[in-house]
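Common to both upcoming complexes is subunit A, partnered first by subunit B, then by subunit C.
And now, the complex of A and B:
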């Protein structure tokens, strides 16, 4: 290779010089995330630095998938990839900075979720997912902590390290994908040809988790996951999933009865339970798609989804940044006066939340959605 | 990710006009004739194809690699980065992007073997880590835009619709392969190239029954026919040049060309 700089390399250096790293936000097995900002505009960014080991084999598959997917996707509910640059032996993805994620929100027991809040999150999540599926892209790792939340409350789909395109029936894909608790039954049975329905199953699990405030299908191991699934959803019948009873020996499942879902999801409306059941249909062919799910009566019935900015959020965000944000969060929880629906007699989620906060905790307990047995 | 070509980075960032391409060619030409420039394009396309065959890579992977190769050398010369190393690297990256990864060592050894098969004069003094390093230059040059759309899927979809006879389909498929030796994919959207290939395959395959249906289909098509004919004429020019192409002479020509660039720098 000649000593003359290659053009791409110069552009890369220019890109790098646009951003300043501030501090480490977190570290995973394959990447470290830093808080940073665009030097000229001051825009806050998250810089995801992907370690490339010793560069022996270039960019690994998850980095390739993530860059490939995010370079083409543009949607308000998908995390924005602002820039990419490499630095010595690491690849840096400059992503929009997002304060918190859905897992933190679900786990924060000081936050009360109203049905309208859940509807709002589900709507944003499905919109982001619908966009991916329209682009023939499977996410393959949907779970609450891959839904990040912006300071304005917008939910954004992130972490495309397992994402890949789909639609070619002749090409097999691995069934070893998606975090276990969110893995669709066809994957658990080893399907190598699947569609967006696997992402929908995961969304269904997240929907249930938002209502229960606990993981819906927490299987202890890969083997047990199917049993956990069937125990919660009832063992599928031939009607429900043609062919399932004809699986080879070794697939003889204990027959669990179909539970009364409306008992478990007492805090959810009939529409909500109906949509959840459609998203968690055993037969991947009849399982509802993302765009159909968005057309479901659930999104058209009252209560209306909470405006993103009014959604409950933890007092402190991931970056534990300045007092200002933490303060703002607190202030908002108490001073919520939800304007666009005020005055029409409908109690807004924000108002209801305030009312609940004012009530004694004991009384509130039976308004809470029951947790799984 | 095959949903929307018009919103893709390929359409929005990597398209060139015929004029821009001609300018690029003349800028890179130096002492070479335009015929020799085309021969070099044919040569490296065939090298990528050769390695691809050894890896049993699908045609789309080879096509993606060829697009990467071209994207890199739009702004760089063969002197900046050895084209043989880049050939191997493009395939390595394309295999990963198209979800069919091969071990880097295998890419290296198959490339080395393919080059040795073509000519003992090809120098390939690189080792596995060089491919990894080269990959990062390639990625930077492409600004990490990796998705490439090809005419193959369009051809398959359309041929089903109009029940294209199998020989015509195969001929059209091969013509699309050939189109990567021209710069068509940088100037026209994939469906135009697919239509051009089908058109040409129907012209060549006149032995089979003349189907009124296909004629009608072409007539009804809402595609700019001048674009289609331009692709066809580029392909015909390419086929004409195949007669004067000889692979044995290429290694020497490439090294002479690189020396020229070095001297002019």
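And now, the complex of A and C:
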């Protein structure tokens, strides 16, 4: 027994010695993210140090969820968990280092999106999500800033702090999940057993957001979110969504007529609008699945998706700066980039991710409203 | 010109505001949702029923500026700003008459002079200066060039028809390609399933060594997937031909690396193919009450979850097997 414990510590020490921390990227209430590198290969990594000191009952739930989920997944469009090690009382996750995220890209008004770019992002996002769903894993917090973008343009699904397994009917799940603007109607109506279709709804909202360059369903509060959803999509009827009235909060709502969806998405092709409609279908049973969405004509029709390396990306990101050189000029440039971000009130992807993770799910959406849009 | 013409075909929806009010009968959009506000040639608004009332009997003066108007001259507003509306109307009319193209001129300078002349007349009409002179010039040009105007108009119409034909054809082509690929997928799946089945029956019935049977079947499986993959590739090459047709070199980025066949559902993993039986003995009663399905949980999904969980990894070959390593490379 004791020899086993010693062996475990040895392995832990060995893992820890593989990486070197360089610089703090951001801090949240429950974790600090550092930029680091693998000493032998020089590969850049993000090291997420989870503080254990202030946890009353063991490890934070989302840390466990994240490790549990990422250990199961390995896919080009899912962030890679490279290693895990502990140091004194902290848990360290060694994650793939990614420069920017989709929210920063959407908000950068100097970037112009072509339909092919949106198609490419959607394709990569759906591939990552399809992989999660095939592994019976729900992400439960899809939103633009949880899609990180690597320096080669690959979009990667990140932040699995709310992820959990699905498929088992006997185990109830919370309906208080997913950032409000991307929350599926069945969650808003209090369903305690749901499927991958809640992630698809969020993807549909992101698809719309990519086309509009603005959030599609920005509800101001949880109750208002349902009204916002129904106003934009029409109030579902029992015909359209059998069983809706039997959901916990499924009583009578204000009736909104179905607006003409394509009016809002003039710039999108018919294929795109059709797929968007299928992803935002009210009935979760008929809502398209991730793998079926990838087979949709939208991804086969012209224009072809842009190659990841050619996708638009913000001018200022951490990838442009080479930290490893000892050259003082370059180093300063790197620091400037960070100062600029801090000065503009823009957090780095990692910092924002971490900050949001630190907030309980219910509080999270409120936070989004109050932060400058 | 072609934009205007096609806009005319597609019927751009008329401009409407929530606080529209008819200046004549004062009826509001709030109370009368389908109210149609029309604009006359003097750019004064009136709702459709007022127009009918006032002008049904024949020409009558506009109630605002007293210009004599006819019912037929009223039209639906498209742009919010009436000055824009006016300019678009004038330019539309000019474009119908002054429809010479560059190929109708011998020299570029002549064409430019012609364009300048047209713009001069247009501006006169726009700013209401020397309108009589402008109208005279238009009439003169129309008389002098009747034949050419008609010729260019038919030319334009033909071009539009051709464009539409090309577009329709492309769409049809794309659809066919897509169907073909879908069929190919289905065929591949079927073949795989057949081989698997025959392997199981062979293992159950044959007296040969199990190892040999598995080896033979594996070779067969590889062959079949290879052949169908080749067939696939030929389909996708057709797709690239189509691309070459469509692009016309407009998109400079398109080329070498990008023309590689694309599979949107590409995944580094083999899909798990488990066919569910029609029914299982399932004592779990949650599905009988409904409710669960409203949130997307179906009996089929739950059963698939349980069965995939039970069978996960059961058919995966060990990694250190020489064959599988070779296969991966």
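Rule of thumb we're sticking to: the second predicted complex is superposed on the first by the 302 of 373 C-alpha atoms of A that agree within 3 Å, B and C clash if a C-alpha of one lies under 4 Å from a C-alpha of the other, contacts with A are read in each partner's own complex, and residues count from 1 in each chain.
Just so it is clear, contacts are C-beta pairs under 8 Å (C-beta built on N, C-alpha and C of every residue); 3 or more make two chains touch, one makes a residue touch a chain.
Keep in mind that what you see is a predicted model, and the values were worked out from it rather than measured.
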Request  = Please work out whether A:84 is in contact with subunit B alone, subunit C alone, both, or neither, and reply first, second, both or neither.
outcome  = first
Ask   = Does subunit B (first) or subunit C (second) touch A:164, or do both, or does neither?
value = first
Message = After superposing on the shared chain, does subunit C or subunit B touch more subunit A residues?
response = C
Task = Pick one for A:307: touches subunit B only (first), subunit C only (second), both, or neither.
result = second
Message = One more residue to check, A:12. First (subunit B), second (subunit C), both or neither?
response = first
Key: subunit B versus subunit C as contact partner of A:137, first or second or both or neither   = first
Query = Given the touch rule stated above, what does A:71 touch, subunit B (first), subunit C (second), both, or neither?
reply = first
Ask   = Given the touch rule stated above, what does A:61 touch, subunit B (first), subunit C (second), both, or neither?
value = first
Note = The shared contact residues of subunit A with subunit B and subunit C are 134, 136, 167
Key: Complex interface listing, subunit A residues touching subunit C   = 75-76, 123, 127, 130-131, 134, 136, 166-170, 186, 191-195, 197-198, 241-244, 246-247, 250, 283-285, 287, 291, 294-295, 297, 299-305, 307, 310
Query = Given the complex with subunit A, which residues does subunit C contribute to the contact?
reply = 174-175, 177-178, 181, 243, 246, 251, 253, 257-258, 262, 264-269, 271-272, 284, 286, 290-298, 301-302, 304-306, 308-309
Key: Residues of subunit A touching subunit B in the complex   = 1-2, 4, 6-9, 11-12, 55-59, 61, 64, 67-69, 71-72, 74, 84-86, 134-137, 164-165, 167, 171
Ask   = Taking the complex as given, what residues does subunit B use to touch subunit A?
value = 1-4, 7-9, 72, 75-76, 79-82, 85, 92-93, 96-97, 99, 101, 103-104, 128-129, 131-147, 265
